[in-house]
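The following pair of complexes shares a single chain, subunit A, combined with subunit B in the former and subunit C in the latter.
On to the complex of A and B.
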């Protein structure tokens, strides 16, 4: 039997994957420097993928590690966008506004804790309904249209780097969290709640921590999205794209793994980029991505990351047995 | 010796089935108490009640002078009660040592970080004899090894009261002797009080100072192993099964040897 370790806890594989991801982020950091000055506006094309990468991180923490089925990630995302928009209008500069958007999401997450106190399925239903309820509330208290003030509009290259920093922090922040005490609790809860609580793990506390951190990350992604897109309207609360696509990405890539959300978001981005550029239609990417999801769901239900790792491990172990045989021969 | 744990008129029913009926018992610090009884007698339910997995319908459970029924399992663990599960519940996709680290981080030991708990957990794995397998995933371990892992995890929480639910089922005679040695050491060196549910009578007879016999959720007998072995009510509850002390191998009948062989 082939034995595999998909654990995010300390281990050789976790270190290799995180090194690869770190290298990828460094490449992304160098990328604008190799572009010629005139091409720098093309960076705008890539900045949106930072939003998706960050949203996938958020959903994987809640849904993959803490087992909280969040069907309304858009409520965090849109709340971040609207709060940061309102903050910029109130005179706050860009960075504090983005941070305030994130804090609003964290606070909102705290308010959601009672929904999974009793039964975890209440949480899923609540998250489904809440965006619809939040739209009129936000319109009443914060506003309907949110425009980035001209003082806060950044150049393509600055925007790219802001996105990169947010993505880097979300990936490695969650990575470090999962290697900490909190990570052990979440991993144990994900495997067996009864055994965890018998070993002293306060399930409600650690699920809440995952929700609050995940909510913060998703709302930061929303704040950044406003900066990227320039203006949004409160109807964004009704846009299911931001609730569903991150789930698809995480499932495709491998739920509850370090690599999963990154891989899923990258695959989505490649599909999205090629449809935008070669078929020039926004419906194609949804279509194509849906096909990819169905293929993955049927062929590799555990997601790409775990299965790809299984394959490489099988290949490398075959090589090593061969080596051993040839040595002994 | 001070009373560590006491149950007072504890009752628990599931629908129509009353698994535990008005049970009272007490355990003193440093004791090794056995709980025996036929299948379905309510033994595991007693552990689940103490561990906070079930709330009693009636009665009080008191640990070190505080009422603990109504508390959550995680709170009870932090107070110093650890248990193993009859049906093992390892974290299958975590390594053996990571399984143990969970206990060390969140139990009564409350070690502050995974890295600082590693050495402590390696020692525990050495005690139960799983050190060589520390980096294997729990699901790759044999059932006997998973039982040892259950014990290691429970020990990592640094309990005052350790409840072992059929820890020795399916172990070989040699493995049973090892486990008994570990339990003796735990009491001698770490002052751990032990309650154990066991069908392996040799183990019960050798290690327990006191044995409580349950049948249909009621305590039908209590006493030293020797008293229990000759109690007519107990013998009746076991429907004629002969309880052997196992101290003298020459007493072992051929039927007993058969059952021991099938266990291992």
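On to the complex of A and C.
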């Protein structure tokens, strides 16, 4: 099948990072238990960050690993929300509805595969337009307003755990995908597409896999968002926030890395949470976030995660040479 | 092994790049495409391996039509392709780069590596070094070695002399002759027409996307027109 015989061992670095992330998820899991029962608003606030984390995962897979510059992530996100809303109305319970929303996104991704024929910059423009085209289609076929039926409304704590499970699955699902043959092929394609194809790597297949998996993840995030927010209408397709913020997060954290989207979403969440606390109802978070983006773009264009790793490497290697010198002295 | 390209036309968007080109490579043959920059040599090679879809015409490899196949399937039929500019994976080691060229189902990976190392002993010495740390000539050897890992029946080389000193290029060419001796057919696009005509069996002269002349390389060397236009010699 594939022409890769890449025996790169799972690096120490990846293992350490994934352990830290796993530990972070466990902390998040016990967090509601230490929190006072009365403090439900904090849980609600945190639940939205699961949406962002999952969206950042999705975009990192498409844009970071597969090199698909998707400027219309909202089309998957909103499709997931509307389809899961419609299926809840049709009488399906919450979990299958969320899954159905995800499947709709995956199916939609399959329909987008022909756009790969476009050059990468045209692909980006196409994805920017697609949500605009989808809005009337969804209105015609699925509906305009989507409300979570009262039977499917969950408590804040349940919502928090659903979000945590979705985030955990998206992080480690993509992590495992990137350690499979698919991941190695995507890394090779990301490095040099022409060289990879001339070595027998099926470019179209692996890019399609990335788009379909990424579309599934983004749509699941959308389905969860509907459950979180309670009701949406079809204008959500025109909301650029869900297309652009995940990109910013990935770029700040480090595009095409495991740590990048997690770190980026975390920084975004901290900025968002603190401005929300001090200037509630304002949009200062966008302002602050823009400053962060500019600083990152100028000082560390590769993103925080790769630069931080390079720095620790330099420090540890300096230590080890010192040790060698002191031994020989 | 046989490669038949018949009446192939191709274009980049609206710009026509190949006009009715026909060439063929038979078993054990060393065929060269010569011509100036922009003559369509590279385009023709890319069309053969499916990177550019042909507008019309047929391409047959071992009698099977391949003009509708995508690159990876064509490569897997037994074609080794060395792209222009080598296109190595710079942060991978020499050996990792070579392994990238091996098909997944390969059961004699070590044998293939050994073959490449016998051809290019210097690569064995530097097998742990990153590709980016090699000299241009060594990088070209890695690119050729990588294309050989799948034991191709036809080796396609795009502008081997790219960025190489003439003496290094000569050395690389002599290895290509060795590869040919081992029964691999070679199709090479080369701007250095003099060298190309000296080492190859048969050549096609290209100009503005067309084949303007072809024949045995030894005959073309003595052709007054070729001499004047491509070898820089006045009669």
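Observations on the structure shown:
Just so it is clear, the second predicted complex is superposed on the first by the 315 of 329 C-alpha atoms of A that agree within 3 Å, B and C clash if a C-alpha of one lies under 4 Å from a C-alpha of the other, contacts with A are read in each partner's own complex, and residues count from 1 in each chain.
Keep this in mind: a contact is a pair of C-beta atoms (placed from the backbone, for glycine too) under 8 Å apart; a residue touches a chain by one contact, two chains touch by 3 or more.
Owing to the predicted nature of the structure, the values given are computational and were not obtained by experimental measurement.
The partner of subunit A that touches more of its residues, comparing subunit B with subunit C, is B.
Residue contacts after overlaying the shared chain place A:179 against subunit B, while subunit C stays out of touching range.
When the two structures are aligned on the shared chain, A:202 is found in touch with subunit B and with subunit C.
In the superposed model, A:287 makes contact with neither subunit B nor subunit C.
Once the two complexes are laid over each other on the shared chain, residue contacts for A:194 go to subunit B and to subunit C alike.
Of the two partner chains placed by superposition, A:20 touches none, neither subunit B nor subunit C. By the touch criterion defined above, A:110 reaches neither subunit B nor subunit C. In the superposition on chain A, A:295 makes contact with neither subunit B nor subunit C. Once the two complexes are laid over each other on the shared chain, residue contacts for A:270 go to neither subunit B nor subunit C.
Comparing the two interfaces of subunit A, the one with subunit B and the one with subunit C have residues 1, 3-7, 181, 188, 191-192, 194-195, 197-203 in common. Subunit A meets subunit C in the complex at residues 1-8, 181, 188, 191-192, 194-195, 197-204. Contacts from subunit A toward subunit B in the complex involve residues 1, 3-7, 9-11, 179-181, 184-185, 187-188, 191-192, 194-203. Every residue of subunit C that touches subunit A in the complex is listed here, in rising order: 49, 51, 70-73, 75-76, 81-83, 87-89, 91, 96, 99-106, 109, 146-147, 150. Those residues of subunit B that touch subunit A in the shared complex are 51, 53, 72-74, 77-78, 82-83, 85, 89-95, 98, 101-103, 105-108, 112-114, 136-137, 140, 153-154, 156-157.
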